[in-house]
Every structure is written in C-alpha cells, then in structure tokens.
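To keep things simple, chains are lettered A, B, C, D and E as they appear, and every chain counts its residues starting from 1.
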Amino acid sequence: MHLRPEMLGGVLLLLLLLSGGAAAEENCSYQDVLDHLNLTQRSKLFYMNRPVQNYKTPTEVHLDLLLYAILEVKEKDQKFVPYVWTTMWWQNDFVSWDPDEFCGISYLSIPNELMWKPDITIVEMTERDNAPPSPYITLTSQGNVEIVNDQVLTSTCRMQIYKFPFDTQSCNLTFKSFIHSDEEIKLVHHLSSAEITEESRDVMRIQSEWLFINITVSSITNKIFLHSQTSVIYTVNMKRRSALYIVNFILPILFLLCLDLSSFMISDSGGEKLGFKITVLLAITVMQLILNEILPSSSNSIPLIAVYCIGVFSLMMLSLLETVLVMYLIEKDSAPRDDETEEEGKQ
Amino acid sequence: MHLRPEMLGGVLLLLLLLSGGAAAEENCSYQDVLDHLNLTQRSKLFYMNRPVQNYKTPTEVHLDLLLYAILEVKEKDQKFVPYVWTTMWWQNDFVSWDPDEFCGISYLSIPNELMWKPDITIVEMTERDNAPPSPYITLTSQGNVEIVNDQVLTSTCRMQIYKFPFDTQSCNLTFKSFIHSDEEIKLVHHLSSAEITEESRDVMRIQSEWLFINITVSSITNKIFLHSQTSVIYTVNMKRRSALYIVNFILPILFLLCLDLSSFMISDSGGEKLGFKITVLLAITVMQLILNEILPSSSNSIPLIAVYCIGVFSLMMLSLLETVLVMYLIEKDSAPRDDETEEEGKQ
Amino acid sequence: MHLRPEMLGGVLLLLLLLSGGAAAEENCSYQDVLDHLNLTQRSKLFYMNRPVQNYKTPTEVHLDLLLYAILEVKEKDQKFVPYVWTTMWWQNDFVSWDPDEFCGISYLSIPNELMWKPDITIVEMTERDNAPPSPYITLTSQGNVEIVNDQVLTSTCRMQIYKFPFDTQSCNLTFKSFIHSDEEIKLVHHLSSAEITEESRDVMRIQSEWLFINITVSSITNKIFLHSQTSVIYTVNMKRRSALYIVNFILPILFLLCLDLSSFMISDSGGEKLGFKITVLLAITVMQLILNEILPSSSNSIPLIAVYCIGVFSLMMLSLLETVLVMYLIEKDSAPRDDETEEEGKQ
Amino acid sequence: MHLRPEMLGGVLLLLLLLSGGAAAEENCSYQDVLDHLNLTQRSKLFYMNRPVQNYKTPTEVHLDLLLYAILEVKEKDQKFVPYVWTTMWWQNDFVSWDPDEFCGISYLSIPNELMWKPDITIVEMTERDNAPPSPYITLTSQGNVEIVNDQVLTSTCRMQIYKFPFDTQSCNLTFKSFIHSDEEIKLVHHLSSAEITEESRDVMRIQSEWLFINITVSSITNKIFLHSQTSVIYTVNMKRRSALYIVNFILPILFLLCLDLSSFMISDSGGEKLGFKITVLLAITVMQLILNEILPSSSNSIPLIAVYCIGVFSLMMLSLLETVLVMYLIEKDSAPRDDETEEEGKQ
Amino acid sequence: MHLRPEMLGGVLLLLLLLSGGAAAEENCSYQDVLDHLNLTQRSKLFYMNRPVQNYKTPTEVHLDLLLYAILEVKEKDQKFVPYVWTTMWWQNDFVSWDPDEFCGISYLSIPNELMWKPDITIVEMTERDNAPPSPYITLTSQGNVEIVNDQVLTSTCRMQIYKFPFDTQSCNLTFKSFIHSDEEIKLVHHLSSAEITEESRDVMRIQSEWLFINITVSSITNKIFLHSQTSVIYTVNMKRRSALYIVNFILPILFLLCLDLSSFMISDSGGEKLGFKITVLLAITVMQLILNEILPSSSNSIPLIAVYCIGVFSLMMLSLLETVLVMYLIEKDSAPRDDETEEEGKQ
C-alpha cells in the first residue's frame, strides 16, 4: 500500500500506524474478513441450518474420493477396510466478500465446528473413524465451503468366495444424505471413474494381499414416497494375489495326492503300502487345519477350494479302501492255497 | 419470481431487493422459522424436559427398525452383532408453526443436541456404538420430531448350540426407556413383523454365515410397583449355513470312521492293522483341535457334534482294543502250538 | 378441565387461555418446577459441591446392583466381565418443591450433567465403560436424586485354577468413593444378598460357560488415618460348566491312556508294539497344544489338570521305556542262543 | 456457632435467620467457601496458569504411586500393563481460606476441570487410559490441591528373555512434566521404595503369571540446554512363575529326549528303530508350534529355551543319522556275506 | 523482598501489601501477561485464524521428531507402529510482550485449546492416537508458540517381504498440512538426519524384533494447480532380527531335509525307508502351519522363504517318488526270478 502525499488524512493515519500497530495494513488480516462476515455473532446462521437464502434452493454437494490404501479385506467377516481421502464442497449463501476490499484475500480457513456441514453418510460403514476430519474448513469469497477428510472406512461388502483364492471382489461405498431429500441436498460426484482410478493409482501406498483394479462411480436415485434421494456409489474392484495360497496350500495338497497315486506302484502284499497311504492322509488332515482358518462359511455354494480339498481327501480314502480290499482278497486267495499247501503237506 | 408491472409496490420492492438482498423473500429462509420458535433463547424449554404442555400427557415415541446386516454371531461369547437403522419420532408440544407464513416450509432440520430426546435403550446391548447418530434432527410444522440412527449393536443373545451346526437362533433386541414409565413415555412400534422382514430383506447387504429368516416384533408391559413400562421386542430369526462345517469337519471324520471300519478286512496277525488304526485315531485327534476352536461350552446338554466326535473316537478306540485283544489271543493260541511244534521238534 | 359457570373469573381466564396458551394449566408444565428450582441460574449450587446445607451432614448414597449377564471370565488374564445395572440415589438439600403447587408433579427428569453426582468407583474395574449412563437423572419433590446406569465392568478377579475345569470362582466388585470419607459420603447397599440373587436370576440373560450361583453383599469400613471409609462389596459366585472340557480333553486323554495300557497285551518281540505306543504318545502331544491354550500360569500350585496331563504323559513314557528295555533284554537273551545256534551250526 | 446475648446485632441476625432460611448456619455450606474464593468469576486465574504469586516460585508436585495389579506382561510386544493408583498434590497460591470463618470447613472437593493441573506424563506409556480420573479434586484451606487417579498404564518395557521362562523383569514408569523445567515444576516422590512395596503388597489383587517382588523409586535430573528437568522413576521388579512352562513344555521335550536316547537299546537291524526315532522327532516338531507362540524374537542373543529346543532337535537328528549310517554299514557288511553265502551256495 | 527504610514510598507500599496482597510484586504473576495479551476477550484472534498480521506472510512451522520405540511391524497388514515425540513451533504475530515489564517472564504455558494450531497431518497414519497431546502450549515473549506431542502412529508402510526374514524395511512418515499451501504454511524440518538418528538412538527404549538403523529426513514439494505444498518425509530404516526365525523355522526344515537325504543309505527293499521318508514329509507339513502364520501374501514375487519351503517339500516328494519307483522296479525285477524259482521248483 502506497501512502500518497495527496492524501489529506495521511498524517493522522501515520499516527495511527505508529500508535496502534499495522493499522494501515489492517485490511490484510484475516480477522477483517471474519468481522465482515460477523461470524461469531450470527453464528446461529452459520451452523444451525442449511445455508440457503430460499429454502427451495437445493444445496449441491460436490464429492470427490481418492483411494489411498486397501487396508484389510476379510472374507470371514465380509469386511472391507479402505483408507480414503474425501473432499466435499458446497455453496453457502451467507458467506461472501469482495477480495478487493480485503487486500485480495480470496479464501480463508476457520475452525471446522463453526459451519453447517451436510450429513453425508456411507451406508456400508459399520464403524466410524473416531479420528476428527481436518480441523479447518476453507471458505472462498464466492461462498464456496470445502472440507477435506481422511477416513479409514470399516465397511461391509458382500463377497463371492466361490473362486477363492482366484477371486475378484467389488465393494461398494454408497454416499448419501442421512435425512435430506434431493430437494434439499443434491449429491454430485466430481471426477469420472477413469480419473479417480488414475489418481488413486498414483497415491496408492500399499497393496497388501489385493491388487487394485479400478474404481467406478455412479449415481442412483431412489424414490421414497414423494421425495427422491440420490446416492453416489463408488465401486472398488480388486483382485486377490493368489501366489502364496498356491505355494502354501494348493501345491502341497497336489503333491500329497501325487504321492498317494504313486503308491499304486507299491506291492499290495506288504504292510508298508497301508502305512504310507494313511500317513499321507494324516498330512492332508493337518492341511485341513489351514483351510479351516482361511475360509469363511458364507456362500450358499461350497467354494471350489473346499471341493478340491474334500475331493482329494475322498480320492485318497477310496484308494485306501481299495488297497485294504485288495489286500483282503489277496490274503483270502492265498489262505486256501496255504490250506492246500498244508493239505498237500499232510498228504 | 416474476415482478408484474401491475404491482403497485413494485418499485419499492425492487429497491429493497437491491439494497438488502432477498428481503421480499426473506420469509423463505429457515432462519425465520428458528426465530419464530425462539430456539436459542428458550433452549431450556427444548432440551431440559419432556416437551409436553401438561405433564400428564404421555409422549408417544414411535419406533421403526430396519436390519441392514448380521455382522457377527459368536456362540463362544453368546454375542450377536446386527447392523440396524432405527427411526424414532414423537410430538414436541413447543414446536409448531404455520407453513403458510413461511413460504410453505413444512419441515426443517437442526443440530441434534438442541432438542430433548427420549432415553430409549436396548437392554441386550453391551457395547454402545461410539459413532454419533445423524447430526441433524427433523422438525415438522405440526411439532413432530424425528431422529434417524444407524447402529452396530453389540448385544448378548442366549444361543442354543445343541444342534450345532444345524441350528436356528433367535436373538432379541428389547427397546425400552431407561427411567420413564408408560405414564411418561409410551413406546410404540410402527411397522408390522411382515413389513420389517420384507424391508430388511430388501436392504440386507451381507449374509455371512447366517441366513436371515425373519424379524418379529412384539410389545410387553411390565409392572414395577405402581408403574408399568412397555418394551418393544424385535426378534431376529436366522439359520446357520452349515455346508462348510459338513465339508470341513463332519465329512472328514466320517471318512476316517469308514477307514477304521474297513480295517476289519485287514488280517489281524500282521502288525500293519494296528499301525493303520492308530494313525486314523491320530488324525481324529488333529480334528479335535478344530472342534475345540469352534465350540463354546455354554449349554447344559453336550452339543450333538461333540457327542458325534467323542462317539467316533470311542468306537475307534474300542475297535482298536478289540484288535489288540484278538491279536493277543491269536498269539496266545499260536504260542502253545509253537511249543507243541518245539516239543514235536524235540520229540 | 371443567370451566364451571359459578366461576367468577371465568371470562378472564378464558381470555388468558385464548391469548397466552394454556395459562391456567401452566403450572402443570415441568418448566415451572425448573423455574422454581432456579436450575440454570444457581447451577453452581447444583453441580459444584456436595448438595448439603451443612457440610457436617454426610450424604447417604444408596446403592443397588443387578447382574444381567456374565459376559466373559478369562483365567489367563484373571479377567471378569459382568454386565450390571446399578441404581444410586441420595438426598439433595437444594432440591424440593410442593407437588400441590405444581398440579401434583412429584418427580421429573433432567439432563444428567446438571447435577452433582457422587464419585463412586469400582476398585477392581480396569476399563471403564465408554458408554454414557442414562442421559437423564430423576428428581423427586422431597429432594431425592436417582441415577440409573448399565455398565459392562471389565474387572480383575483373583481366580483359583487349581481344580480347573471343576472350579467355582468368587469375584468381588468393590464400590467406594474415590476421595470422600464416611463423614462426607456414606455408602449403603439397599437390597439383601438373597434379594439381589433372586432378582439377578430373573433378569439373567445369558450364562455362557459359567453357571451363576449367587451374589452376596457386605460392607467393610477401612480406617485411613483419622477418617474411615466404607466400601460395599458385591461377591459374584459362579461355577464352571465342565461338560465340554471333559468331552474334548479329559476323555480323549483317558482313552489314549487305556490304549497305551492295552498295549501290554501286544507281543514284545514284534516292532508293532513300539510303533503303536509312540503314536499314542504323539496323540498326547497334540492334545498338549489344546492344554497350552486353555490354561493360565498364574497359580503357585500346578493345576490338577496339568498334573493329570503330565502324569499320563509320564506313565506312557515309562511304559515305553520298559517296552524298549524288555525288547532289549529279549534280544540280548536270544542273541547268545543265536550264537549258540550258530555255534551249534558250526559244530 | 454460638449467638451470645451480648451481641448487639442479634435481633437483626435473628430476623435474617427467619427470613432467609438457614442464614445463621449458612457459613457451614460449601457454597460460601466457593463464593469466598470467587471461583467461577476468576476462573481464568484457576486453570489458565501455574497457580503461583511469583513466577519464580517453582510448584512442588508430590507424587505417590500404588501398584494394584500387574495385568499383562507380553514379551512378544515388549508390553507391560500395570494397574496403578496415583496421588498428586501441590500448592495453589490463589486458594486459601480461614476454616474458622466457615464453621471449620478445612477442605472441599470441586469438579476436576476447574483447576490447573500439572502436565505430568509417563514416558513409557503408549496408550492413554481413556477413563477419566476422579471427577473431583480436593482443596484444603492452606491451598493444597490433591488429585487421585486410577490408571491402566499400557507401557513399553525392555525385557530380557534370555533366561525365559526363569526370568526376572524390571519395568520402569518414568514420571515427568511434558514441557516444564525444574524452575517451574519440581517433581518429588513422597513414599520410600520400602513403603510403596509394602503398601502395594497389601492392596495387590491379582498376580497372574508374575510374582511381584518390589518397587524401587528414584529421581533423575537431566540437563537440557540451560534448564534441568527431574523425572521420578518407579521400577517394578517381578519374577515369572515358570511352573506351567516346565510342566507343559520343558518336561515333555525332556521326556522325548529320554525316549530317543533309550532307542539305543533297540536293535539296529530291525526297521522299528527308525520308525520309533522319526516319530519322536515328529512329536518335537509339534512342540515347536508351542515354542513359536510363546517366544518373541527381540533379543540379540538367542534365548536359552530356543537353544534347548534346537539342541534336543539336533541331538535327535544326529542320533537318527547315526542309526541310518549304522544300518547302512550293517547291511553293507552283511551284503558281501550274502554274496559269500551265495557264492558258497554256488560252490 | 527487602523493604529498606531509605525507600520513600515504603509506607504506602506496605499498606498496599497489607491490603491487596502481593501488589508490589504483582507484575511477577503470569496473570498479568495474560491480561496484557487480552487473551480471553480477543480469543477469536487467537484460535480462529492463522495468526499473521498480513495474510501474505506464510507461517513457518518448524518440525522436530524423535523416535522413542518401534512398537509393532506387521508384514501381514503392512502396518508400522512407531512411538514418536514431535515438537512444532511457529510465529504468532499477535503474541508479544516485553519481559522487562513483567519481572522477566520470558515464556509461559497456557491451555492447548486457546490457540490456533497448524493442521499438520501424517499421510500414512490410519488410526489417530486418541490420547490428547500435552495439555499446555508454550508462548515466548517474541511470539513463538511451541507444542509438544507424544504419539503412537499406526501407519501403513509398503514392505518388501521378498528376503524375509533377512529383510530391511524403510517406512515413511510424511508430514504435511491438510489444506494449506506453501503460501500459507511452510513446513520446515529442524534437525538433520544424523542428529535425529543419534538422538533417537539415545532415547530408544525397546527394540523388539527390529533393529533400528537410522532415520533420514527430506522435503518434497508437490505442485497442485497453481499452488505448491511442501511435505517433510521422515524415513525410518530398520533391520529384522532373524536369529529366532533361523532357529525355529529354517534350521528344523534344513535338518529334516538332511534326514530325508540320509535315507538314501537305507536299503530300498525294506518297508522302513518309505515309512521314514513319509514321516519326515509329515513333519514338514506341520512346519508349514508355522509358515502360514508368519507370511503375508502381498508381494508379486513369492518370498524366498516360501520358495525354500516348497523347494524342500518338492525335493522330498521327488525322492519319495523315486524310492517308490525303485522299489517297484526291484520288486518287478525279483518277481520273474520268483517265477523262475517257481518254475525251477516245478521243474
């Protein structure tokens, strides 16, 4: 700010400057904007109601989601825990100032709890993050209000375990207002599916067991009596990394099956064949302990891996029974011969 | 809004519009209704007491419940964790306005903590959801107040494990007021059993291990000294999906039993029979590790599956003892013959 | 309300009714009682101090406890988690009104946080229930204040595991004031042991592993310097249901012991006896895995079940060693004979 | 308080008594002391700053600790969870009254949040108890402020597992101020090591796996730049009860080793020796599952028990290899003889 | 304080002292500074906005981190839980006083919630510490504000498990502002990598499974549209202590492999070789149970240890198959000879 000599009140102003601090520059402080908005006095206006001049104007809430990490996917509990950053912004009719009047301040941030916020909830979420969102909220001179939030969403997800461990899962995150209809709050998603997928891929930090495929976003409008309510649904698609399940579970069982099959080469007469086969069966029983830990019991149809496991078990059992039967027949067959021999001996 | 030239006060109105903002339409703002209700000044009136003009009028609290998911059913801890949405509404005698005076505003939403809420608790709930309910509460012009809540109810449930894993469980959710009798708060359920069941079936997201059958609702009135208190009981009926327990536990044990029985075909004289049978018994012991993990010890009567398991175990043991005995007798029988042979040899 | 024609001021009253709402019945509103008590203005009086006129008067706090469920008893962590409902009431000298002046209102309920509450704590409790108590507190016209609370008490309990799983445990819940002596707060229990036991038995919902026997209540007064402090101790007695432990652990081990003993009938000369016995020992080792999971290591004396388990193990080992020794002696005995035979052959 | 006839203003006082309630005894109410202290008005004085007249006066904070229980000691996570009661008291220069003026009231208790409290933290604590401390704080007429707290301290502790399960652990609880130096807050411990040990021994409720030995207390002063800060360190010494580890783990492995050694008596020629030894090795492998659960991997040196376990394993493996070698040599030795025999036969 | 007779105003001062307390020394109380700052009245100024005179001045936030402990590193969940102490300080333009005017008070501490604090977040953190930071904040006379915090950071970390258990992990802690750009908040780290490493090494309390190597610190500036945002990244490098994994898992498997290889010395003809080899395979299967517990399935490439385990398994299986084949061939080879013998016998 230049103090020009033409200014009449210059001296007075200078005095003010010297006495009261940065008086001339005072309009450059955030405080002036707050004073202009009359924020504390009219606080009722700012947090009690949806901030519109006319109640018939719906508040358009823009939503943006970024997937930072897939923290946990538990089939047993049908639980999906992503770590997301959400951004929401909307128009507040009661907030507006002319940046030119305030040294060009075009936006500022104030504590979170002072402003009305839309009651957007995620339908699938079963445990709310007890961490607070960003402590500050951003206001622009045009009345836009923006809130940023990072959340660990403990949500439910209907998982298909039929093809486990070669499965691909799709989990929904449905954002909607708790109690407001579309006439009051209109939920709009900002980025397209492709953009969210790309950006999430950039920031994605960890990918434990699951390989992130993409995110798709869509809007669905439900009619409830006379009102309609729009939900924004983000669908996270991901693929399980099955390498370790193959190495730790499927291969060993396959190996044991091979062993069992190879036992056909062992002579039926000796006792070692039986001991061999039953020990292989015991090893399969031990592997069953692992299966019991990793598989949920949720699907109507039995998952393929359980069929595989019980199939191998049955096969082994049948071959064992066959062995026992053959041994029995051989023995029975040889017994008369012994008798014969005996008889022959007697003769 | 159309400003017609026939309007006399048009110019004046226009001036007002230009100077003071939407002055003519100002009654269309929610703020006016709040000012009419005098909400902050008389706040004592709104949250301190049951909102009735005459204390003899009971407050009728209407209740609605929707089951979204059965998250967890743990027999070991007798724990039942459903995820429900509850809606409650009641009459507030101090809230009322004429919608015509306020551009037709017939309802509005205000922050949750400003109003009195009934102290409805769920008797079985042992861990309260630390998530807040909907941050806003809806008021209508006739004085109706509505609150919506989504809750993860960690509740206790007396479970019958006798028929495990073919069991059907019924878990209660008993809603009642903490301290108010029927003279003060009358709890009423709104939807019928059939309606709740149908609606819950529509929204049900996941059905992990349990198959949802239906919900029934009933009211029970208890007399406590002179007062009576009505509870609304929702009973969730569900059936366990036993497929995986059959595949993982019951079938393997049955298979092992078959194997053991098949050993009767093996010659008693050889040592392999004994080795075979004892290894099968060892496999049963390993399966016992799984049983120990899934079964609680709560019922008076021993569950069928434990009887099945110990039964198979006993059968095998008896057959083993019999084998040992037979072997002993055969040996004893043959020993004298050996002696005889020896004696014969000596002769 | 009947307006009789004899009434002189009827018209006036009618006017009042029409203008100011329910003016004639206004004293029937709870608000009037609050205004009489001057609750918000003199709030300092209501929550800052013990509500007595003279500081020498002790506040008698009456206590009532009802056991709803035994949620968890973990010997490993010496943890006892009951679910109880507690009721406390005491005299507030600053609360009193004449019910006749207020249409007969003899009690009302106000938000919890407005009143002083005694600082009663449970000494054994290690994790406080994060759920709030009843949101409302009841005041009577005589100045009685009552608070109801349902709590999940995660408490410690010194358990005796010597007789496990045939043990009976007694867990204490000691209620006492944090900082007040008997001169300030006198803790009194209301119901007798028999009454609490009976009522608890009525409401008890679940009895997972433990069978509730009874509750006893007693008072103990400790001298601390010049002051004395009274504690109210509720002792919950309960008995473990051991059926499943017998079926899953004790019986199988007993069976295995029988098998081992039966092996004495097997001929010492054959290799099968050794194989048989060592496999039974292996099965015992697998059972040890279960024992390791269920037993804590807290007691000075080793629990009977561990003695039983290690006893069976030792017995089996000794009999195995004996078998090995006998086999060795037989072989040694037969070896010279072989030599002799050889020698004989040589001769 | 005695009203003597000599008193002139007696009549006036009597009038006051009749009109204003218990006016004569009014000074016996706690409220009067609070009014004297002007607690709400000058509240800024009470909770904003360290309560000293002159900022150069350090506030001496007296500390007392009582160990109620050792709840958990986890070597795997290096976690130590004691349950302690702490008492702290200090001088508040702004609180003082003459007990004689107030009927002899020498102390009172007020809600916790109204007063300044020192920011004492425990350095090792990693999870703060979410339970509130005593809701009330005690003030004496001399200006002493006392606060009582019961805490479950989830703290870290560097444990030595070398001698497991015969180890003795020492865990520190270091109390110090967050940001204040000794010039501001002087931390002083009140009881001596012997007294704390004795009192803790009296109140100690449970002693799960660990036997409490004693507590020692010491003060350490650290120089940070120009300031010095004193910490009070309580060291809890305790000894593990190893009985169950001996019975469940060490003895069975020792038994198995004996068995293996006894196998030297079995004839090398027969196949049973090999089967015997390999089954004993399998049993050791199962025991390894238990070791894997109880042992952490934190120490630089391998704990003795792991050395013991791997030692037994190696011994058995070597003896097995020796057996295999001997068998091989015997066979090789006998093979030529067979050839010889054959040759002899041919001859 | 010495009152010397030479002092003129002594009497007056004495009077003041007697009447108003420590009036002469009153400027030595913290309260005077607070009054000078007008803290409660102008509180809006202190916590609502970034405390700068001119909004164009960025607030430089200095950051310091000290690693106290590595509490948990879970590969399965890609979770890293360090325990850190952070210190932050920045300039507040509205706080300043002349220490000389206030007896030399150069700093004071006030409750935390009264001042604006930067919204610094840690990007990787998924669970916020529910413990409050230091309850007090320090202000200096030059306007510096300092806050100290001890946090248990539950954060995600992309871990490389390829070389498990001989791996070295690097986990990032990225500090950045939630919503502020560099024009508003400039994040600066204070200590160098070497200094942090050294200081952390001094205070490090426990080092469970992980050996702390060092911490490196760096700054990264991201461009987002027109704004740029600086993040400070602390990277914790640490090395796993693999001793116990070697002793408990790798050595036993290696031993079992040796045993299996040694079996080549056993005669192919006897049944004992087969029994020996299959039991060794069973032992490997039991070891697989341990592997399943400790290994995550996150990496694209299969970790070396799984390759090692499955490799040993395959080797054993192949040698077993070879044994079976050889036995089959020997038998087939000897069978014709039997026939021959028989034929010879017949001849």
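Basically, a contact is a pair of C-beta atoms (placed from the backbone, for glycine too) under 8 Å apart; a residue touches a chain by one contact, two chains touch by 3 or more.
Quick caveat: nothing in here was measured; it's all calculated off a predicted structure.
Each step here moves to a touching chain, and the least such steps from chain A to chain D number 2.
Averaging Cα coordinates per chain places chain A and chain B 23 Å apart. Chain centres here are Cα averages; for chain A and chain C they lie 37 Å apart. Within chain D, contacts with two or more other chains are made by residues 130, 271-272, 275, 279, 282, 286, 289.
Taken pairwise by the contact criterion, the protein chains form one closed cycle in which every chain touches exactly two others.
Ring order of the chains (start chain D, then chain E) is D, E, A, B, C.
Partner chain E is touched in their complex by these residues of chain A: 21-22, 25, 28-31, 34, 39-40, 68-69, 71-72, 83, 103, 105, 108-111, 130-132, 134-136, 138, 146, 148, 150, 152, 205-209, 241-245, 247-249, 251-252, 255, 258-259, 262-263, 265-267, 270-272, 275-276, 279-280, 282-283, 286-287, 289-290, 293. Listed in rising order, the residues of chain C touching chain D in the complex are 44-45, 47-50, 52-56, 76-78, 117, 119, 121, 123-124, 126-128, 130, 156-159, 178-180, 271-272, 274-275, 278-279, 281-282, 285-286, 288-289, 291-292, 295-300, 302-303, 306-307, 309-310, 313-314, 317, 320-321, 324-325, 327-328, 331.
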